[in-house]
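For clarity, chains are labelled A, B, C, D and E in written order, and residue numbers in each chain start from 1.
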Amino acid sequence: MAKYKNHKSRKTGLPPGTLVHTGDKKTEVSKVNLFSYNELVISEKNNVKIKDLVKAKFDVTTQEWINILGVHDTKLIEEIGQVFNLHPLLLEDIVSVHQRPKIDEYENCLFVVVRILYLDDNLQLQSEQVSFVLMENTLISFHENHDECFEIIRERLRKAKGRVRKMGVDYLLYALMDAIVDHYFVILDKYGEVLEHIENDLLQDADDKIINRIYKMKSNVLQLRKTVVPMRELVNNLMKGGVDEIKEITQLFMKDLYDHIIQVYDTTENYRDTLSGLMDIHLSASSNKMNRIMKVLTIISTIFIPLTFIVGVYGMNFHYMPELEWKFGYFGIWAIMLIIVGGMIYVFKNKKWL
Amino acid sequence: MAKYKNHKSRKTGLPPGTLVHTGDKKTEVSKVNLFSYNELVISEKNNVKIKDLVKAKFDVTTQEWINILGVHDTKLIEEIGQVFNLHPLLLEDIVSVHQRPKIDEYENCLFVVVRILYLDDNLQLQSEQVSFVLMENTLISFHENHDECFEIIRERLRKAKGRVRKMGVDYLLYALMDAIVDHYFVILDKYGEVLEHIENDLLQDADDKIINRIYKMKSNVLQLRKTVVPMRELVNNLMKGGVDEIKEITQLFMKDLYDHIIQVYDTTENYRDTLSGLMDIHLSASSNKMNRIMKVLTIISTIFIPLTFIVGVYGMNFHYMPELEWKFGYFGIWAIMLIIVGGMIYVFKNKKWL
Amino acid sequence: MAKYKNHKSRKTGLPPGTLVHTGDKKTEVSKVNLFSYNELVISEKNNVKIKDLVKAKFDVTTQEWINILGVHDTKLIEEIGQVFNLHPLLLEDIVSVHQRPKIDEYENCLFVVVRILYLDDNLQLQSEQVSFVLMENTLISFHENHDECFEIIRERLRKAKGRVRKMGVDYLLYALMDAIVDHYFVILDKYGEVLEHIENDLLQDADDKIINRIYKMKSNVLQLRKTVVPMRELVNNLMKGGVDEIKEITQLFMKDLYDHIIQVYDTTENYRDTLSGLMDIHLSASSNKMNRIMKVLTIISTIFIPLTFIVGVYGMNFHYMPELEWKFGYFGIWAIMLIIVGGMIYVFKNKKWL
Amino acid sequence: MAKYKNHKSRKTGLPPGTLVHTGDKKTEVSKVNLFSYNELVISEKNNVKIKDLVKAKFDVTTQEWINILGVHDTKLIEEIGQVFNLHPLLLEDIVSVHQRPKIDEYENCLFVVVRILYLDDNLQLQSEQVSFVLMENTLISFHENHDECFEIIRERLRKAKGRVRKMGVDYLLYALMDAIVDHYFVILDKYGEVLEHIENDLLQDADDKIINRIYKMKSNVLQLRKTVVPMRELVNNLMKGGVDEIKEITQLFMKDLYDHIIQVYDTTENYRDTLSGLMDIHLSASSNKMNRIMKVLTIISTIFIPLTFIVGVYGMNFHYMPELEWKFGYFGIWAIMLIIVGGMIYVFKNKKWL
Amino acid sequence: MAKYKNHKSRKTGLPPGTLVHTGDKKTEVSKVNLFSYNELVISEKNNVKIKDLVKAKFDVTTQEWINILGVHDTKLIEEIGQVFNLHPLLLEDIVSVHQRPKIDEYENCLFVVVRILYLDDNLQLQSEQVSFVLMENTLISFHENHDECFEIIRERLRKAKGRVRKMGVDYLLYALMDAIVDHYFVILDKYGEVLEHIENDLLQDADDKIINRIYKMKSNVLQLRKTVVPMRELVNNLMKGGVDEIKEITQLFMKDLYDHIIQVYDTTENYRDTLSGLMDIHLSASSNKMNRIMKVLTIISTIFIPLTFIVGVYGMNFHYMPELEWKFGYFGIWAIMLIIVGGMIYVFKNKKWL
């Protein structure tokens, strides 16, 4: 399992600023995608070369969104770093793909690291790092693989839908981050369903394996929380202002994003509470089951052990046992035993054991 | 169950500011209700048209309270937004009815989101979002359905009872919020009764199902807390001042409201502590029950298993067993067994098992 | 039980400032008691009329302490409010007797709400609200019933003992609050004794009912804490200064009061920790008891069940069973059984079960 | 037991500033010890009279350390208070010997209350209050009994070892406090040994009494923490500066003291975690023991109960039971029973119960 | 075991600033290693004498890194202290090798204490103190033994790889601290593997000994945390600036270091959560095992105890028992018993016990 792996250790000892990709290569060939747009025009290019980026950089009439797919290609990252004069530590962070969400302010740009979350086939939480470099007129986004949740923004750009074409690249950053956070809600809904299933199964019967399901959900929710908490902090910083690259008009939208991430956080906390509640029910159900089993054993034993003793008495071979010769001795002993059983059942009913 | 549903996901991917109602439609036809009042006069109109609102907006001699029932009607919301020049994000928040309580300050207004709480037939906590837009002379309130707790304020307005006609719309906002918070106490009282029932049942007998009742109450109290905590923060902000729309004279009342919400919060925390105490008692009671069952089993077994062994001995068919021929063998064996039983009962009494 | 009752709900829906007494009427007739004093002279009057209060108000040569017993008399409260020009919200707080301790600063006075704690006959914590209104030369105290802990201060006033006659009414406020907090220590001592009893009982034997005693103490301590925490905050505010009505010279005494309340708080927290420790011991003792019971059962069963089998073997009626005819068959079987018992006892001793 | 006793209640109702000793008298006769020293000379006097103190007070060429042993002598304390013009509340705090560590700044002096910790013969934590009054050239220390840990400082003073003679009385205060905190480490070491013993005993066998030992240690560690936490706060305040009586040069040493107290705090927290870990092990060990006992019972019962049934069958007295007459019936039944036992042992081995 | 040992107590009572080594001597002979370097040249000397250090101190054209191995040599530490004019408290901290990570600012230098972590052969966490003294052009590092993780930096210095030769000694401090923190990840990876093993073992079978493994890991993780938390604080302080010795250009790298230490912290917290999750599973698994054992016992007893009673009935020796003479009495009783067994098995299947 990879969940306890800190891929950081792979590069222990290298000088800071060395570019070593710490994740898994998931995209065969790295791609550079370029949107140049303003309110009026838009051009979209795939497989852009470095020299085209240089050209785009100096075009002040349009705003550029450069999307790099495949951060395992450290050579490409380095070239882009040279074109846009990016700090070596920033480049290192782009390819160290197990960072927690954070903002760094550099002299010439704002660097934002966030994480896309998605579920694998076993409903385990997976995440992928997305790094944003926000400059005056350019936004560069870096990630390895998952591209779908940006598609919606591309559509808006192409069709000039919404504000996205009219406002600056800082708004584009907001829009992309909003798309990512929106996707968290899909995960929350999915996990909500799983919790409901566990709860239903639990209230019906205390299965032995349910503890493992609760445990897995718990560790999923903890991992979710690990991403959401720094995200909250990050968006809070963007919202509060004081970051030059984010214009005042965009800040209002950041506040909206903050509301969303708080909602994600609240739900996550809610799930944690629910899970410990489910754990309590499980423990209680398990102990009730034990109680029921013990009750059965005790009732059976308490009824039959004395009876077995009685029939044992008359199985003894003493030469002189008067009862054995009585005419109704056998039926009398049955009568006594039935009375004992009746008395016991009465006692058990009284104690509400039956 | 809807409790794990994040209705937010329904609108994943739409641009910010798009109006999508995320709740259930509970009111057939949306209604607009308008109060125009000052210290001397008051007029109340139902089913007000948009053009009437425009007129009312420009009437500076009176203060207006516009109450919109049925936020599923996004078209209406949008029109009102145009009339009063409301920010698209604000309008979006009005129709996204699963927000946590919050305040947003916009250029031309103060936006407050609170939640009305009520209990459904199963005593489960339900909530409905109420949004307030506070402007110079106008207060607009938006909600889907529950209208009863505002009735009291309407009565005061109509009868010029209390301060409500003399003071501004900021006081009206306070009065409405106070009516909402007052309603929380009704829920607390109801839940207090449920807790008492659980406690009484628990001290009498440890029922197996009681854990589910505790769990349900716990999740209800957690949900209550989820609303109360941001409400507390919200009222605290209003109380502290620094919000232009709230006049200084009203702030004192906000402090009173803050005291109430703190009291709600304290009681909620108290209930949480009570519930974990009840859980402890339940576990302990359940384990005591087990102990009692085990004691019965052990006493019965310890008394009868040795006796059964003894009678078994004299049921053996050995040809030479001297005791069998003794005259008082049979009665002697009864005597021995009675002594054993007596000794055991003495031991059990000593150990306080009987 | 009244402990889950929020008497607030009784007045849901009334406009703020409406005087509704939310507690129980405990004093038959309300009384107004007036002390007028300075360093040299002192006069004490009972059953003072409103007009006397007006007179006293304008007498600047003396300081006044007005003590109102019986806050259920809302008419009286209202009249006093008119005489001293008190804010309606302040008056409302005086008669809403389930407030948490707090300070409110009004334009013309300082309003302090504290709680007297006392134990009822079942050692359950009860509390009563005391409200203080501190003005330039006048201190008004309002409460329903419990008057004893003020007697000590009255004595000091009459006998000019201590600083109380030389200093202002702010010092008198301190003295009264100190008398109230001093009384908390009496409760702590009483509860300390109860804890000791529980601890002793627990270390001697694990009674089934002890969990209920622990639970009751826990809920008492939690209720105590609910009063102590806001009291601490309140005194902290008075100590820090910034409140005009409290002179600098009195502040030093407030710091002393703060030390006391911190000590109360520490002890309360200590009791909480002790109680959860006792709970752990209880659970452990209860599980040890179970272990001991199981051990007895297992020892008895393990010894006698095999023996019963053996004697059962020779109780079979097969026609050809050679052992039955052996001369020493019967004694041989006894020998074998004794060897088995000896061996088992040896094994149990080895496992430290005996 | 004295641990739940709040000796404060003894003086409930007395006016503030009344000197009442709240501890136990441990020193027969109170003693006043005076060191007058500067870099060059030192004089040490025992059983100093009040008039000598007055003389010493006005001698500016030397610094004075006055050590009072026996704070039960309230008359002496009062006289010293008059000589040095100490505030009544300060004097009250000196003789109220159950204060938590704290600093109070008075106009003419700094008042510091700390606690010496030591272990009684049962390794229970005991503490004694030490109060320091720091003035321009004079340090007065007050305590009831424990004097040993100051001896080391006296030695340094006499032998002019270290900085203590060269620097002011604020450094002396530091040195004395450091000696007190150093003594905490002795307690930590002792408790560390106890924890090790408990851990070793626990890993070897789950004794029933171990829970009481864990509980006692827990309550000791909590009491230790109760002293350490305010001590940390106190030293932090001294270190941060802003206290006139502490010169800047001494502050560096206070930072060193702070490091020590933090280390004490960390170890205390560590012990708390260790103790809850030990509790978990205890519970788990106790439940494992139960499992083992149950296994033995189940194995014995499962093997012999069916066998007993079989031999019971052939003990029946039916007239027509063909097996009884078979020649090898008896040996056949033995064979069948051996096969059953073998099969069960096989099953148990499979389930890893044997 | 040394883990509860506070070596501090060894020096109780000595005046502050006395150099007493509180750790174990691990290096036979202390060594002084000197790097003098600038961008162009580098010289490396082993076993440097004190007089060479004096010379190096006054050489302003190069920067010096002095690495002292073997802090047990207090004489050497004292000589170095004299050469570089270091404060006695600083020197004391260097040889008191059980400090928690911290920064102290002295007049002429910055003093940083960090801890190298490594695992012993039993995977127990061990740590060693490293102290850094950062001056204008000189960095001195002190430690007892572990030198390997600095080797990588020495290589970079020798080969002029990376920034390390171009930038000042503050960058060198960063580089060394980064090397130390990088080594933490190795430990995290190792512990991650151990956690995986425990988890796998737990999900397969609930071994009795697993609780001890969980407990050991827990105490390891707590110890790790004890180092990581003050490290985080420390690096945070260096990052925030305000420390003269750290140039602004280096601060950016400190931020990077902070990201790493936060990642270590997060993983540590994650491990803690995982461990309590594993504990829950263990308890649940252990209780399930008990349930299964009880079920077996109950099934066997419930089936055979009634049957044994029945055969006991017909083993009685009453003279008149009609059934005994019936022709098919024996087979009839077998039929009845088989029906009973069948019925019970049916019931057990219904209850899902089989």
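What we mean here is this: contacts are C-beta pairs under 8 Å (C-beta built on N, C-alpha and C of every residue); 3 or more make two chains touch, one makes a residue touch a chain.
Computed from a predicted model, the values in this text were never measured in an experiment.
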Lowest number of touching-chain links that must be crossed from subunit C to subunit E: 2
Chains touching both subunit A and subunit E: none
Cα superposition of subunit D on its sequence copy subunit E - rotation in ° rounded to nearest 5: 70
Cα-centroid distance, subunit B relative to subunit C, in whole angstrom: 26
Subunit B and subunit E, separation of their C-alpha mean positions in angstrom: 42
Residues of subunit E touching at least two other chains: 283, 287, 290, 294, 297, 301, 305, 308, 312, 315-317, 321
Contacting residues of subunit E [partner subunit A, same complex]: 152, 156, 161-164, 175, 178-179, 182-183, 185-186, 188-189, 191-193, 195-196, 203, 252-253, 255-256, 259-260, 262-263, 266-267, 270, 273-274, 277, 280-281, 283-285, 287-288, 290-291, 294-295, 297-298, 301-302, 305-306, 308-309, 312-313, 315-321, 352-353
Contact set on subunit C toward subunit B in their complex: 1, 4-6, 8-9, 12-13, 15-17, 87, 89, 92-93, 98-100, 102, 104, 205, 208, 211-212, 215, 218-219, 222, 226, 279, 282-283, 286-287, 289-290, 293-294, 296-297, 300-301, 304-305, 307-308, 311-312, 314-317, 321, 323-325, 327, 329-330, 333
